[in-house]
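Consider the two complexes below, in which chain A is the common component and chain B and chain C are the respective partners.
Showing the complex of A and B:
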C-alpha cells in the first residue's frame, strides 16, 4: 500500500531496530532481570497455544448449554474460567450477546486491549490506526471493509476496551445447526465473529480460521 | 492523557485491511519485544497504567510513523531507564558493541 500503511510492511525491517532489541535483551539477561528460557516459553505460548480456538469453545458451549450461556452473560470471566481459560489481559471479561436486533463490535481506540486468554494476541488490523480511528465513527463502513453488511434495523453497539475491562462477542448461532455437536459448532466460530467484525460461519462454509 | 494514540473518531486513516493471513509476529525482533515486555512486567516495578503512559508519551509524529511493537519497545526502554534497571547510556553502549561485532 503506497500510503496509510504506517510502517506495517516488515519485509525490510531496519537492522538498527533488530540491533536495538538484541542490545536490550543481552542487558536484561546479563543483569538477571529476565530468563531467556522464559522468553521462549512466552513466545511459544502466545504464538502457538493461546488463540481464538479457546474463545470458539466458549461460544460453542454457550450455544449448546443455556445454563452456561446465562452464567457467561452475567459473569463472563468466571464462566470462561470454567473451561480453563484465564490469565493475563482477561481478568475482567464482559460477554456481549448478538441478537436479531443488536450487533456488538469491540475496539480499543487508545491501544490494543484485547481478551488474550480467549482470543490470543490481537491481529494487525486491530492494533492499527484505521480500525481504531473509524470503528467508533463509522462502524457500518468498517464492517463493509470486512465484507459484512447488516440490515439497517440492526443496532450496532461499539465497545471501547480499557486496560481493565475486555470484551468477547457472543455471535448468533447460525441457522441449520440445531443438530450439531459442540465440537462441530466450535469450528463455525471465527475470530472476527468474536470481535464483532464478522459473523459465525454457516455449515458448509469451511473451517474457521 | 490525549495524544497521537487517542485515535477514536479520527478521519483520514483509510480503510481497514482485514487480511486474515497475517502471522502473530512478523519478525524475530517482534517476538523478543513482546516476551521481554511481558517478562519485565513480572519484576513488579511498574503497573499497566505506567506502561501505557510510557508508550503514549512517545513523540506524536514518531508514534504515528512506527509499528505496534516499536511502541512497545519504546515503552519498555523508557520504563527500564526510569527505574534505573537499564539506562539509555548502557543501551547505546551495548548497541555500539554489537554493531562492531556484526557489521
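Showing the complex of A and C:
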C-alpha cells in the first residue's frame, strides 16, 4: 500500500485489503506456489521494461511507413512482433485506426483487460468502476473529462474487451509533423491516445506522458 | 504445478498463452448478419456483459476460434467456437440519445448469440 505523505498516526493497523494481500502472499510462498524472486522479476519487467513507450514506437512506425501500417491494421499481433513486442496479454491483438470520422476508445467493462506488451499494465482509472461503467454509456462525457472534445460528426466506437482480443488504438497523426523522424514522432504518442481517451500531442505540446 | 522460477519469467511472458484454438469449427454467423445476445442469466460470471443481454447488433468481424471460458472454467471442456466483434448501436442499448452517439463493439462467443 502507498505510504508517504499522510497525516495519520503510524500505529494504525494496515487496511483489510493490505492484510489480505500479505496473508495470501505468505501462504503462496510458504506452500511453494510462488517464488518471491520470480515475483521481483515480474514486477521489475512491468515497472521498468514494458510500458506505453513500446506502443508509441508501433504508432510512430505506422505513421512513418504506410506498408507497416497496412500490416498493423490487417494482422496487428504479427506487425507488433516485428518491433519485438509480444507475449502475455498481447497474444491476439487488434489495432483500430482513428480517422477524421471515427474515434475508437477501449474499455473492459468486465474487468481490466489491456494489451500489456504495448502499453504495460493498466492505469488505476482504467480498472476502476466509474470508467468501466461510463465509457460504454457516455463516451463523449468521458472524453470531455479527459479534455477531449470531438466534432459531432465523428462516430465514437467503444470497444469492450470481453474476450481474448486485446485492442490498441492507432491515433491520428498530428498536423505539422510531416518532417519529423520516427523517434520524434514517438514522443508525441501518449498512453491515453492509444487507449482512445486522448489524442496524440502536437509538436511543442511537451513530452508524452 | 511448480512455481515459476525467476530465470524463466522473461520467456514465459514472451511466450504468452493464446486462447485461440487451431481447430476447424464452422461459424454460426457471418459479418453483416443481425444477431441478438441470448438473455442468459446463470448463477455466476459469464463473458456476455449484462448490458447487452437481450439486445441486437450486427456481426462486424469474425475473430476466429477460441476456447469458451464458461465451460473451460467449469472443467467441462474447451468447447472451441467462433468469437465475433458485434456492433451495437448506442441507441439500441441505452435508448435514444443525442445524435452521433456512436456504437459499442463487444467480443462475443457463438454460444451467446442467436439470429435476430
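Criterion: the second predicted complex is superposed on the first by the 190 of 209 C-alpha atoms of A that agree within 3 Å, B and C clash if a C-alpha of one lies under 4 Å from a C-alpha of the other, contacts with A are read in each partner's own complex, and residues count from 1 in each chain.
Rule of thumb we're sticking to: contacts are C-beta pairs under 8 Å (C-beta built on N, C-alpha and C of every residue); 3 or more make two chains touch, one makes a residue touch a chain.
Predicted model only: the values in this text are computed from it and were never measured.
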Chain B versus chain C as contact partner of A:137, first or second or both or neither: both
Touching partner for A:38 - first (chain B), second (chain C), both, neither: both
First, second, both or neither for A:66, with chain B first and chain C second: neither
First (chain B), second (chain C), both or neither touched by A:120: first
Touching partner for A:92 - first (chain B), second (chain C), both, neither: second
Contacts of A:192 with chain B and chain C, given as first, second, both or neither: first
Which superposed partner A:109 touches (first chain B, second chain C, both, neither): both
First (chain B), second (chain C), both or neither touched by A:204: neither
Of chain C and chain B, partner touching more chain A residues: B
Partner chain(s) touched by A:19 [first = chain B, second = chain C, both, neither]: first
Chain A residues contacted in one complex by chain B, in the other by chain C: 33-35, 38, 40, 42, 88, 109-110, 136-137, 160, 163
Partner chain B, residues of chain A touching it in the complex: 1, 3-4, 6-8, 10, 13, 17-28, 31, 33-35, 38-40, 42-43, 46-47, 88, 107, 109-112, 120-121, 123-125, 127-137, 142, 145-147, 160, 163, 192, 197, 209
Sites on chain A touched by chain C in the complex: 32-35, 37-38, 40-42, 45, 86-92, 94, 109-110, 136-137, 139-140, 152-165
Chain C to chain A touching residues, read off their complex: 1, 3-6, 8-10, 12-20, 45, 47-49, 51, 63, 66-67, 83, 85, 87, 93-94, 98-109
Partner chain A, residues of chain B touching it in the complex: 5-20, 22, 24-36, 38-40, 43, 48-49, 52, 55-56, 64-68, 70, 73, 76-77, 80, 85-86, 90-91, 94-95, 97-99, 102
